[in-house]
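To start, the structure under review is shown below, and the notes come after it.
Going in written order, the chains are labelled A, B and C, and every chain counts its residues from 1.
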Amino acid sequence: MDIAFIVAALIAVAATVRVITCYNIMHALLYLVVSLLAVAVVLYTYGAPFMAVLEIIIYAGAIMVLIIFFVMMLNLGLETAEHEKAWLRPRIWIVPGIFCVVLLGELLYLILQNKQPSAGIQVVPPKQVGMALFGPYLIAVELTGILLMAGIVGAYHLGRQHKKTVHRFLENNLNT
Amino acid sequence: MINAWWIIGGVLFVLLNTAAGLIWLERRMLALWQDRYGPNRAGPFGLFIVLADTLKLFFKEDWIPPFADKVVFVFAPAVVVASVLMSFVIVPFAPGIVVADLNIGILFFLAMSSLGVYSIVLGGWASNNKYALLGAMRGASQMISYEVFMGLALMGVVVLSGSFNLQQIVESQRTVWFVIPQLLGFLIFMVAGVAETHRLPFDIPEAESELVAGFHSEYSGMKFGMFFIGEYLGVTLISAMVVTLYFGGWLGPSFLPPVVWFAIKTFAFISLFILLRASMPRPRYDQLMEYGWKVLFPLSLLNLLVTAAIKLWLVTK
Amino acid sequence: MFSLLRSMWLVFLHMFHKRDTYQYPEQKAPLPARWRGRIALTRDPDGEERCVGCYLCAAACPVDCISLQATEDEHGRRYPEFFRINFSRCIFCGFCEEACPTYAIQLLPDFEMAEYNRQNLVYEKHDLLIPSQGKYPGYNYYKVAGLAIKNKDKGEAEHEEPPVDIKSLLP
């Protein structure tokens, strides 16, 4: 296995652990960003540069920024972190934690079983991705497009503003 | 093929010096357009103002506010410089002189510029200051929005050249520069680029007349200097990208070497950035967003659609 | 859109305009004659100091930067014993000049009075007195207002009109 892969994978796992264990939500989100970046590197080492870059652009660059954007407006400070610290007693997280460790062990076991990595990593250029998307997977792409369209229309419907035709003075005094 | 380390070192050296030199260039150019002289005391043509400014930044008190989130506060200015410098990895300065000849070059540029948002958001949030937070929120929404149009405008070039690789894009401009078939795309990219580097007239995240200094209100010393340098690096990056994508990169009459052509074109666009700063008023925040989503977004989609249709027609004919 | 491009072009054309800057230390900006700069105490045509120590300037000063002490010489003519202006407080408003009945205190077109030490900005009388009549050459207060001499009050001497009765409304 590539050394870059190992390092990136370790960073991804460690960052994800920190996402769960961080009390300060902003720090947790930052670790999540690091984790996503590390996953992008993993994808790159496995011959999917297009996927890797899309991961950064969409997940790390857009979605995480939006999440951080909303967290910023929630005005979460030190007190919230303290609250969360109080909630997360070992009694609560010990059982899910054990499950996670077991899962990780299984995963490691499965990985170590197959000592030889799948030989000859094949780099997928963007052109091939496009061919695949608009060839065999055309219906899936179109369905996703329709779904997103519905989402956009819904968001517009929720966020639209009613046009005001009267002056605000008249508006306030209209009912009286 | 020149040794890769020499290229990396050379690119870093040239870029950082360019960014520092832009301090001087911008002030002189602004002064020129405002019938002033600008810095002209220290050294020949006032060039040592760069040195004086840098020294000043280094010796200022490097203050971290006690109410700030210290780790994130220190981390944010590093992100801006790092992300912009990473973007330069894929810029071809001349045939063979490129740090990494990725076949997803443009996408890598978009990815790195999308990471640049974090510097503003985190810097503003970690400052724990109302003005900084307002600036950060404006910056986040502005940069995310304009990134969309930027990417869509770029796709026209990708359709024409049939590649994400910047070297191949430059090579496919041998017959005609893409600014002619992609004039609309160029204009959208230019506007989006100004917004992406949050330069004037789109300096809404900083807006010193409304928000003190926006997201970097609390920064001082070299941490502020990082934002400063990051902005100039961003200007250089957008200029270099415009040149590469729309103005034939290093291509030009052969009496000058390719690198020189690239540098000349890039500096022309940097000057255009400064001219924009000298002449444009700052739009209101909602006007900026409205302009982006209601004008630039449909235009860029239309541009992409028409370009793709014509390309398809030419291919099938 | 067109107006934006037009303004960009117009700003670009400023490249070829003349620059408005004065390269200050080498090239001085021309100051108008009534420019309100450094305060000075002027003298009358005979070379005597004009100030009569009436305290009007000190009263008019909005920042209280003028302090003086009036005294009399052997002929009974009032003059300031000391006259002190603290230029670190002065705002160069010119009220003292307007208040002065004898045109003694005047603001001159000179602003180059920076000091490293704040205490040096406190000007004493010998710093303020200049051997010049300032903006009003030929003006002598006592020639206009008259002067009581031995056995004769104001307006009683030869070729002298009686002084205006300032307490009457009649012309």
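Methods note: contacts are C-beta pairs under 8 Å (C-beta built on N, C-alpha and C of every residue); 3 or more make two chains touch, one makes a residue touch a chain.
Keep in mind that what you see is a predicted model, and the values were worked out from it rather than measured.
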- Task: Can you pull out the chain pair that has more C-beta pairs in contact than any other?
- Result: A-B
- Message: Report the chain whose CA-based centre is farthest from the CA-based centre of subunit B.
- Response: C
- The distance between the C-alpha centres of subunit A and subunit C, rounded to whole Å, is 74
- Chain-centre distance (mean CA atoms) for subunit B and subunit C, in whole Å, is 56
- Message: Based only on mean CA positions, could you tell me how far subunit A sits from subunit B in angstrom?
- Response: 26
- List, in ascending order, every residue of subunit C touching at least 2 other chains. none
- Message: For the complex, give me every residue of subunit B touching subunit C.
- Response: 32-37, 275-276, 278-280
- Message: So in the complex, the part of subunit B that touches subunit A is made up of which residues?
- Response: 69, 71-72, 75, 102-104, 107-108, 110-112, 114-115, 117-118, 121-122, 124-125, 133, 136-137, 140-141, 144, 147, 151, 164
- Query: If you look only at subunit C, which of its residues touch subunit B in the complex?
  - Reply: 4, 7-8, 10-12, 14-15, 17-21, 23
- Item | Partner subunit B, residues of subunit A touching it in the complex | 24, 26-27, 30, 33, 49-50, 53-54, 56-57, 60-62, 65-66, 68-69, 72-73, 125-126
